[in-house]
Each structure stands twice: as structure tokens, then as C-alpha cells.
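In the two complexes below, subunit A is the common chain; its partner is subunit B in one and subunit C in the other.
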Partner chain A sequence: MTLPDHEIIEECRDVCRATVGVYVLTSCYGCQLVMATVEKIMEVANLVDFKCFYMVSSKSSLHEPVDIAFVEGSVSTEKDLEELKEVRKNAKVVVAIGACAVNGGVQSWSEGDLNYDELYASVYGDSKIKYKGLQAAPIDSYVKVDYFLPGCPPEEDEIMYFLSTFLFGSYPEEIDYPVCAECRLEGNPCILIERDAPCLGPVTVAGCKARCPSFNVPCIGCRGPVPHDNSWFDSLALTFKNKGYSKDYIRERMKIFCSFDKNLEERLEKVFGRKK
Partner chain B sequence: MPKKKITHPITVDHIARIEGKAGIEVILDGKKVDVVNVNVFEGPRFFEAIAVGKHVDEAVAVFPRVCSFCAAAHKITPVLAAENAMGLEPSEQTMKMRELLYIGDFIQSHTLHLFFLALPDFLGFPDVFSMQGAHKDILNAAIALKDMGAHIQTVIGSRAIHQENALIGGFGKIPPKKSWETMRQKLRSLHGVAEEALEQFVGFSLWPEVEAERVHLALKPIDGTYTMFGDTILASDGSKFKAKAYQMRISEKVVPHSFAKHGAYNGQPFMTGALSRFTLFSDGLSKRAKLLGRTYEEYLDAKNPLSNNLAQAIELVHYIHRAEIIADELASSIKPNERRVELEITKAATGVCVTEAPRGLLAYTLKIGKNGVIRAANIITPTAMYLPMMEADLRRMVEGLLEQGITDSKTIAQKLETVVRSYDPCVSCSVHVARVK
Partner chain C sequence: MRYVKLPKEKVCEFLERLKSMGTLYGPKKISEKFYDFREIGDVKEVEFEYNRTITPPRKFFFPERETVFTFDTANVEIHETLPTGNRIIIFGVHACDIVGLRIMDSRFIDDLPDPYYQIRRENGIIIGLSCLPDEYCFCSVRRTDFVDAGFDLFLHLLPDGYLVRVGTVTGHKLIENSPEYFEEISSEDKDNFAKFETKRRSMFTVQGNWDDMRYRLELHLDHPMYMRESDKCLGCGNCTLTCPTCRCYEVKDLPTLDGAGGERVRFWDSCQFRSHGLVAGGHNFRPTKKDRFLNRYQCKNAYCETTTTAYCVGCGRCTYFCPADIQFKENLLEVYGPGGGA
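And then the complex of A and B:
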């Protein structure tokens, strides 16, 4: 049975091996690193057939058809874009993995402030390089993406969850609640309310079991924005304003991992009020 | 045997089993090697440019994202640079925890490189997955060491890569006594396992084609032992200079075939990394690592880049031992409630820090305004520093093989890839790119 609106693959059981490609555009290679080092990686490698995984295998090709494509990195060069289109053409299911592929990543921090030419000039001056760069962008700016696996880096158990649902002929469900929900379950005191720390938990999608707040470190928002119409947002994020944080400061902090969130300004207005 | 005339190029479009996207291009003109380029087409990410105008607290959370293999290096180095700018002195406990976190990074990074990226070449496999049947023991060692590196970084830093718990002034949370005791026990159980990589690499001869005199640069360990912190850079040509003044001796320039710049020391190519550290400071290694280094001296030739694999394997032994000592000290001295030193920014200032990352010298200069905002940043990574030397070695390799009458482009290409891998390049680091002044 095919579920409407959800791209899935045939369940394999013992009779076939799903083909998987792990591709990278421009990034730090962290998503692949987590993937290549998940605790059960050797079992995974026996269950699936990796057609492409350049970081760990010289038996890799961009041009083979695959059931599942995991794409890490932002589109940052014309070559990235060509490769991405090739991957989309060859894959049944495309998963954007990690902050760069999902939201543009930290390299988009100055999105809206500096364009590619300005960035290039500030770094390379007048010197010419034979490859053409592009303004960093998440992959769904260019191709259809079936699933999003956020995080910088993504969590190991989430990678295993995605992989196993696909192998069972099913699909992974989206998380639609903020880090705060998991932080409460971890039994942490709220560092935003009690210690005035600039914790982005209220506006960040959960799935990390509140890793950073559990270390008394304010959330930096690496998993990207929580779905827009979330009620937690209104109540908890108001604390930013109540604690005296400025709209500009919160915007800069959120932009590290949310610069491509088209609702960013609207979210900020909800907290800090509309411009008169 | 008459030399065959070949004019077709030797190309590797995408070098597998390295961190990042790069290719090799060799153009031959008759019997002469015309061009040898390591093409770096990994997209630029402009870290120094995008950090400008942002608060230093956020900037030091973003910098580790330069590279996942050495995220802790890209965290601790800018944190120290920022503290240096503000005259903030971290506590002794903080520095011990940072060193141990950094060692966790070395263990993880060297293990991944040696077992997952480099070793399949020597054992004749496309990847580590296909070694499961024939080399179960090697894989068990690889996984135990990788897990150890990840464990140290998770306990101290919050996770195996992009550690958020390391902050300016100290740590958000300090692990209790029990955590250090567990860590020490785990490390102690790995003494034998840590020697597996060395055992595997010993016995493969170093290719004579790439042997050549070269200058090595490394940071003189601060306590006279063998570690990643220090104030002075030593060169194997006998000179030394202040790490803080690195920009006077180490420069970078743009080349057309690479988004990574090319580094130079006094205008010349040079090497940095495990082999450079071993060459200059092996006397400071822990007892067992030093003994193994002496025993296998012939495989640790400063003139041959393939020795870098062996030097990393020696460091793996050293760092497992050193980590155990530090974990032991922390188990008995830990003050879990020590407060983080608050950063007070009273004036604009510039801070510099150079450390030894797994792949070599890593330099950060941060100019911070009095509102705590980054005014300018300069980062030079090891891979950008040694790219010209790597290209020179690839040229030597091609010339040497052609001289022996080897003209099959596939054979040559495979050898070139192995030379590149011995450097353990970190391409995504190298394209972070420095700011033009």
C-alpha cells in the first residue's frame, strides 16, 4: 500500500537490500561522520547496499539509482547544484540531513546582509577561482525533498529511526514540539526563566533530548525552527522580551540556524511586537 | 625499457575517503609532468566574513562547524583567542578539561583516519565495511577507539562533535568524580588496542618516490611533554618564532584551482601535522609511545609524507596514556561546582591563539569590539598550510613512476590518492578561507 503524500520504499525483509546513497554538498561532513559511526554501522552496512558514500568508500558513484538518498550540506557552488539534481533524478526518497541541507546551515548566518559577491570579495579579493560559487541555500530551494532530518549534527537515534522506518516500508514522522518539552522531561530547571540565559529552546524543534540545556548551556537552535503554528512559541518565547533581550540580538542568534525560515520576522514580531 | 610518451591527463574527479571534496589533476606534456593540481571544489563557507558583526559568544559556537573531524579544535582555539583578547585567565581545572576534550578529538580523528580512511588502501579494500569478514579484530579495535574518543568528548563537551559545553570562561556543567573514574577505567583497558593501528601500518614500506627534504613546523608543547598547547612554533630548519606572531611567517595566497588558499612559511611550502610533531618533539612522548617510536624509527622518516600515518598511530598510543593520566587527576581533584569565569568586555582588543589540531597548526585571530562583537577574524587551518607541499609530493610521485616506466593512469591515480590520504587532509576546514586585509 502506498500512503498518499509520503514517498516510501518497498519493505525488504530478507529478500532484498535497500540501496542507499550518502551525498555531500558543502558542509563540515559532520552528518556523514555521525552516520558512518553510529553504533550499529557494521550491521547497517550489511542490511543496505551503499551505492555512494565518498567519505568512507572508494566504491562510490553519483550516478547509480538508489532507494534512499541522504543529502548533507547546503548548495554553495554550481557543482553542488548539478550533483543535487543528479541525486534527485536517481533517488526514490530524498532526505535532507543536517542543518545545512535542511536550513542552509551556519554558512547562511549573514543571509540577507551580505550576498555571495560581497562574501567572495571579502575573502578572495580580486583573485579568480575557476569554480563558480553560489549563495548558500538549503536543498529544498532547488529540488523536492521528501523528509527532513535536522540537527547540527543530527542525533544518532534519529538517523537509526529514519533508516529503520524506510526499511520497514514506512516513513519517519515529523517532530512538531520544541526543545522545552524534552527539557522538562529531562528534569532540568529552566535556564531561560531562572538564569536569564538566551536559550532558544522555545523556538527550536525537539529531538535532541535537550542535550545542551541539560549541560546548563543555552540552546543555540541547531535543530532549526519549531513548526510555525506552535502554541509553545507564544507563551515561552515571550520570556525573551521579558528578560530584556533585544529583538536584534534574538534575531542574530536565531539566524545562525534559521536564516531561511520565511516566518522568522513574523515570529519575532509575535514576541517583540509589530513595528509601529 | 623505452619510455612511453603519454599526453592524456591523469585525473581523480573526487578523492574518496578524505574529509571534503577535492580532486587530482595531472597534465603531462610528453615525458614531462606539466601540471599537478589538487583541485578543491568544496564550496566556500566564509566563516571569517560571516562572523563579523556577531557577538563573540555566538561566534565561538559557530566556528566548530568549520569541521566535524576537528570540531573540538575549532572550539577550544577560538575560545582561547577570545579569552586572550579579554585578559581572562581560565582556571587550572578548565584547562585540564579542555586538554582532555582536545585529546578526545585527537583519538576520534586519528582513529577515523587511520582505520576508516587510510587502512583500506593498504589492505586492498574499497572501504572498512568490506573488511568485516577478513579483519574482524582490526575493526573491533577501530570501533573501541572511535567510541573512546566519542565518549571523552560527549562527557566533557556534550556530544562527539560540535561540543556546546565548552564555553568562554569554562564549562556549563562539570562532570562529577564518577564520570572521570569511569573514563580512566575505559582508557586503561585500551592500552593494547591503541597499538593496533601501528601494528597494521608497520611493514608497509614507505614509497621512495615521495622522499624529499622538507621543513616541518610544530608548536612547542607548553610543559615540555607532548601536547597541543604552546606559545612558540619551532621549525625543523632550526628557527623558532612566537606563535602569536604567526602572520609574519605564515602567509596564504589564492590559487585558481582551489577554494582553499595555499599556505607558505617564509614563502616556501612546508609540512605540519603528526609527522612534524613527532619529528620535532618525540622526546616528550609518554614512555610506551616513545619506545614504539624508537623501535619503528625507519617507518617514521621526516622526509616521507607516508610516515604521517605511522606518526598518527604513535600519537594514538601516546594520547590514550596521557588521557588516562589527566582523567586520573580529575577524578581526585574535580570541583564540580567551580564557577565559570564571566567574560567582562571593557575595551576593544585582539586575541590570538595557535594550537596543534589533529592535522597540524591551527591559528585563530579575533578582533573584538568593546560591545563584544567580532570586528575581524583570521583563521588558518593546517590543510591550507600544507596543500602546496602535498602538490609537490604528488608531482614527485608521478615523476618517479614515469621514470620507472609506469604509465597506466589508473595505477598512478591510485598511488596519488594514497599519498593524499596520508596527509589526512581536511578539505572542509581548508575552504573556511581567510579574510583579505
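And then the complex of A and C:
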């Protein structure tokens, strides 16, 4: 049993201003865009001192110390890795924000199936690129991450919750239940039961208020697996199998955003037998 | 108890009358297979023959999420945000769900009075509706298939309308103030009521009485069913979130950005979630999925003194809405062994 370790910052109120950095590794910049366009962005800007936020200011620097660092994107190049290490060194609290930073993102889909050299060759052939690439990986593969704010992109209310709890001298509570539960609370009918939709709601961490199933679209798992080994890929794979889905289809779908989950392959093997 | 008849052709007018008294909710078809209690705009949308709603009626009195108070850190004050006490009418509640509400009352009113629940409940009117069981129903063995309390009016289906049982003074006044919708019951109505009841009782897939289920389960906590079935479980909490008697909640503080205040919200929790058993210091008294799975089976079969029934009312939701198709009733019968009534 490990005791929870919650890194917090001093409550500022009227006496100081928390310093915040928003950094990007390999990603679409969508998380930053959401952060920059939250309804209360002006209030946030008045309360904190942004040392780095490319989407908002060209006067951004990687090298200044900050209280809170929000890191978007996966580590996909050596440059990403250097920057990430610099951010970690300078920050009190590091928050991985978005699917790429939290779980590796879509670019890590082939993890465990294809290695970097194969992927490189299929895109660039013999050509050379400026940076040395790396197999796309979530940032906690390389540095200690204090909090995870998943989503593709993250939800505005969660961003505000994270910011407000940090500024309060507290920390955001982790969600450890699936989208499936939120879908029920939203009052939706269940598309998995009703029309055998390949919905990943039961294994995907909640927080989006079942955004996609609410529009009749099966969850694709963009928020990543429920933490603490509570993403029951085996139970869901069995459910899908009983509905006629193939092993390859199920595995591919689950891997889009969960390829870095250490339980995925083992739990799939439980249902389908060992990989040849 | 008073009995009157609501003829078929007066049903819509009666619903209109109910609608004029407050916010009317009733069962509606929300998708191909599912029903839910929703606000009724057009009374023609009310579904009279529905099997079960995806959310239980407790949500009207104990909502999925609510702010219980706001706080002001500068003046160190809290301000309760009590419900306004608007009149709500819930039409078409099945017998099992009415017992479910009485079980909720026993915890949120009798046991530890909860003003948020109590204010809403006092302003609620419950109109019961008879039903015929499907293969998921086992209210009969739970003794919740016929209710004698917990409703203002209860409508029993007749070939040409409804036989109405009056349960409270509020229900009595509803009838007194709208005499134009009601008739005296005839001897034919009485016969039809009895026929319906006989038919209803013959349709259950389990017969008998499960009052001793709790003890059967307690004596076999190591039954292999738990491991086998919890292995299929997704841990999604649908069984508890759709349950008419689950009442665990979690609270969370949401400070404002400037730290000057904030609000405390409470929202439905589930014993199927890891954090439900997590306490200060990092200890978890239900660390595995099997522990959590077993907890629900024990909790639902415990005894509620107020209703003298189990906390499970046999509505079948936890099975009907389980994405992993885990069969609660069959699993209970397996542990019970021969004589369970199947």
C-alpha cells in the first residue's frame, strides 16, 4: 500500500500570484486551444502569471520556474524529451493534459506492434528529418507526473476545477470510474445494450459527461483507461465477443487510446488466448 | 381505503389536471428498448405499458448531482442551498419503485433527516400504476409487487380504464377536487381487478418468498459464483445507479478561481467504484472487484425495518441495464440452492 502523495502549491489569494506554464510536445495544440478559450480566461489571466503559453503569448519561455506546469502532447522526439525534462526541473506541480500527454495519444496506437524504425520507414523511407524521433509515449514514461487531466481535448469544467483547486492550495480529486457511469447519470439509453455498439464507455475514465454516447456515438476511449487497474478490458472484450466482434477489431479499438495500459494485452489474452 | 374508477376516456384529462398542479413527470419511451421518467409536455406521450425506467424515481428527491451549500472563505460562512419546494407529480410509478421510495424515506427521513430530500419528498405526489412482470421481475419474492402505502393514488388497469386506490389525504383531495373524472366502481370492475391480479401473480418466473435470502447469502460468502461473475463485471456502476434503493453519495468542494468561496456538491456514488472503499491514509476496505461485487449482493439483501423487506425490491434494473449481462436473480438463486422458487 502506498500513501497518496499530493503535490500542492501555497494558497495565494491577494498576497501573491501563482506562476503557470502551458507547454506543448507532440500534439495538435487542441488542449492549449481549449485552455486559451475557457470562458473565464480573463479572470485566469488576472489571477496567475503565465510564464509560458504559446497559444496566448509569444513571450513564452521554457526556462522559467513555475508553480504549475500543464504539459500537452506525447514525447515523440528527442527534443520533446529534453523540453519535458526542463519543464519538470522548473515546475513544482506537473499536470499531464490531454490524451497524448496522459496516454500517448493516437500516435502511440501501434505501441507493441510496430517499432520506431518500421514506423519511420513507412512514412519517410530513406529521407532524413531534423529531429531524432522516438516511439510516441506518455510523459510519465520519462518524468514524474503529479496529476492527469485526460480528454481529447480536455473538458473546460475540468480545466477550471484543476486550476481552482491548485490556487486554493488544494488539489483535484482523481476520477476512478468509467464514462459508462456518467452516461447513466446523463439519462441516456445504453447504446451498447440496445444496438450492440462497440462503446468503450465501460473502460474509459469519466469526466466528459458521456459526451459521445449522449449524441448516440459509441465512446472511442479518448480519455484513456480508468486508473488503478480498474479498466476491465477482459470483461468488455468478452461482452463484445459475445456480440460478434472479432478479436482484431476489439484490440485495435481499445489500443487507439489505451496502447500504453499495462493490463490491456494480458486482459485481452484472458478472453482470446495467448498472442501467437 | 377508498376506491373509484377512472374511465379510459378521462385519463388524458386527468393527466392534464395533474399537469396544472405542478411539474408532471411520467414514463416515456426514450429509445427503441428503454423508458425513463421524463417531464411530460404532451400527456399523450405518457407510456402506460412500460417495463422499467432506466433511472429510478429516487432521482426526483435525491438528484444525481446537487449543490448542498455555498461557502464564503472571507467571512467564514456557509449558505445552505435548500430546494425551493416546487410541486412535482410523478405519474406511473410501479409498486416495486414505490417500496423503493419508502426505503429511501427510511434512510433520508426517519434515520438521519436530510432536508434536501425531505423538502422535495413533501412536495411530491406519487401516482402508482399496475404492471405485468417480464422475465427480469422478481418483486413477488421480495413482497413488493403490491403496495399498501407510499402512494397518493394507485391505478390498476381495467379493460376500460383504471380502478383507483386512494392512499393518502392528498390523493383523496385530488379526487374530491376533480369529481368529473371519476366514477363509482361496479361489481364488474371488481371482478376485472381480481382477474388482473390473478394473471399478474401467475406470470412471475420465481414464486414463493425470499425473506431468508439474506441468511442463505451470509452462510455462503465463499460461494464460487462471486468469483466467476465478478470476473465478468465491468465495474461500471450501472447496477447501482439504476437501482431504486441505492443511496450512497460522494461530496466534493468546488472552490471559485479567486478562492473567495465555492460550493459543495454531492453526487451519486457507487460501491462498485474503487474510491468508494478508499479511506484516509490510503487504505481500501474493498480493494478488489470481487469485494465490491460481493458487497452489493449483501447490501441489497439486507433487511429494511421500515418496509420489512429486503433493500432489493426486485425491479430487475441491475440485470436489464447491465452491459455485461450479469444475471442478479439467477446468481442469487444459485447461492440459495434448491427451494429458491424458480
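Keep this in mind: the second predicted complex is superposed on the first by the 253 of 276 C-alpha atoms of A that agree within 3 Å, B and C clash if a C-alpha of one lies under 4 Å from a C-alpha of the other, contacts with A are read in each partner's own complex, and residues count from 1 in each chain.
Assume a contact is a pair of C-beta atoms (placed from the backbone, for glycine too) under 8 Å apart; a residue touches a chain by one contact, two chains touch by 3 or more.
As the structure is a prediction and not an experimental result, all values here were calculated from the model.
Asker: For A:Gly207, select first, second, both or neither according to whether it touches subunit B, subunit C, the two together, or no partner.
Answerer: neither
Asker: Check the residue A:Ser235 against both partner chains and state whether it touches subunit B (first), subunit C (second), both, or neither.
Answerer: Only subunit C; A:Ser235 stays clear of subunit B.
Asker: Please tell me which partner, subunit B or subunit C, touches more residues of subunit A.
Answerer: Answer, by number of touched residues of subunit A: B.
Asker: Considering only touches as defined above, state whether A:Glu173 meets subunit B (first), subunit C (second), both or neither.
Answerer: In the superposed model, A:Glu173 contacts subunit C only, not subunit B.
Asker: First (subunit B), second (subunit C), both or neither: which does A:Arg253 touch?
Answerer: Only subunit B is touched by A:Arg253; subunit C is not.
Asker: According to the stated criteria, A:Pro154 is in contact with first (subunit B), second (subunit C), both, or neither; which is it?
Answerer: A:Pro154: touches no partner chain.
Asker: According to the stated criteria, A:Ser57 is in contact with first (subunit B), second (subunit C), both, or neither; which is it?
Answerer: first
Asker: Looking at A:Ala136 after the superposition, I want to know if it touches subunit B, subunit C, both of them or none. Which is it: first, second, both, neither?
Answerer: It touches subunit B, and subunit C stays clear.
Asker: For A:Cys190, decide between first (touching subunit B), second (touching subunit C), both and neither.
Answerer: Only subunit C; A:Cys190 stays clear of subunit B.
Asker: Could you list, by residue number, the parts of subunit B that touch subunit A in their complex?
Answerer: By the definition above, subunit B touches subunit A via 14, 16-21, 41-51, 53-55, 58, 61-62, 65-69, 71, 112, 116-117, 120, 126-130, 132, 139, 143, 146, 150, 158-162, 164-165, 167, 171-173, 254-259, 417, 428, 433-436.
Asker: Residues of subunit A touching subunit B in their complex?
Answerer: The contact residues of subunit A facing subunit B are 24-30, 33-34, 36-37, 41-42, 45-46, 50, 53-60, 73-74, 76-77, 79-80, 105-107, 109-110, 113-114, 119-120, 122-125, 127-131, 133-134, 136, 152-153, 211-212, 214-217, 220, 222, 249, 252-253, 256.
Asker: Could you please specify the touching residues of subunit A with respect to subunit C in the complex?
Answerer: Listed in rising order, the residues of subunit A that touch subunit C are 1-4, 11-13, 40, 43-44, 47, 160-161, 163-165, 167-170, 173-174, 176-178, 180-181, 184-185, 187, 189-190, 192-195, 201-203, 226, 228, 230, 232, 234-236, 238-239, 242.
Asker: Would you tell me which residues of subunit C are touching subunit A in their complex?
Answerer: 30-34, 36, 54-55, 64-65, 231-238, 241-242, 252-259, 262, 267-268, 270, 273-275, 281-283, 289, 321, 323-325
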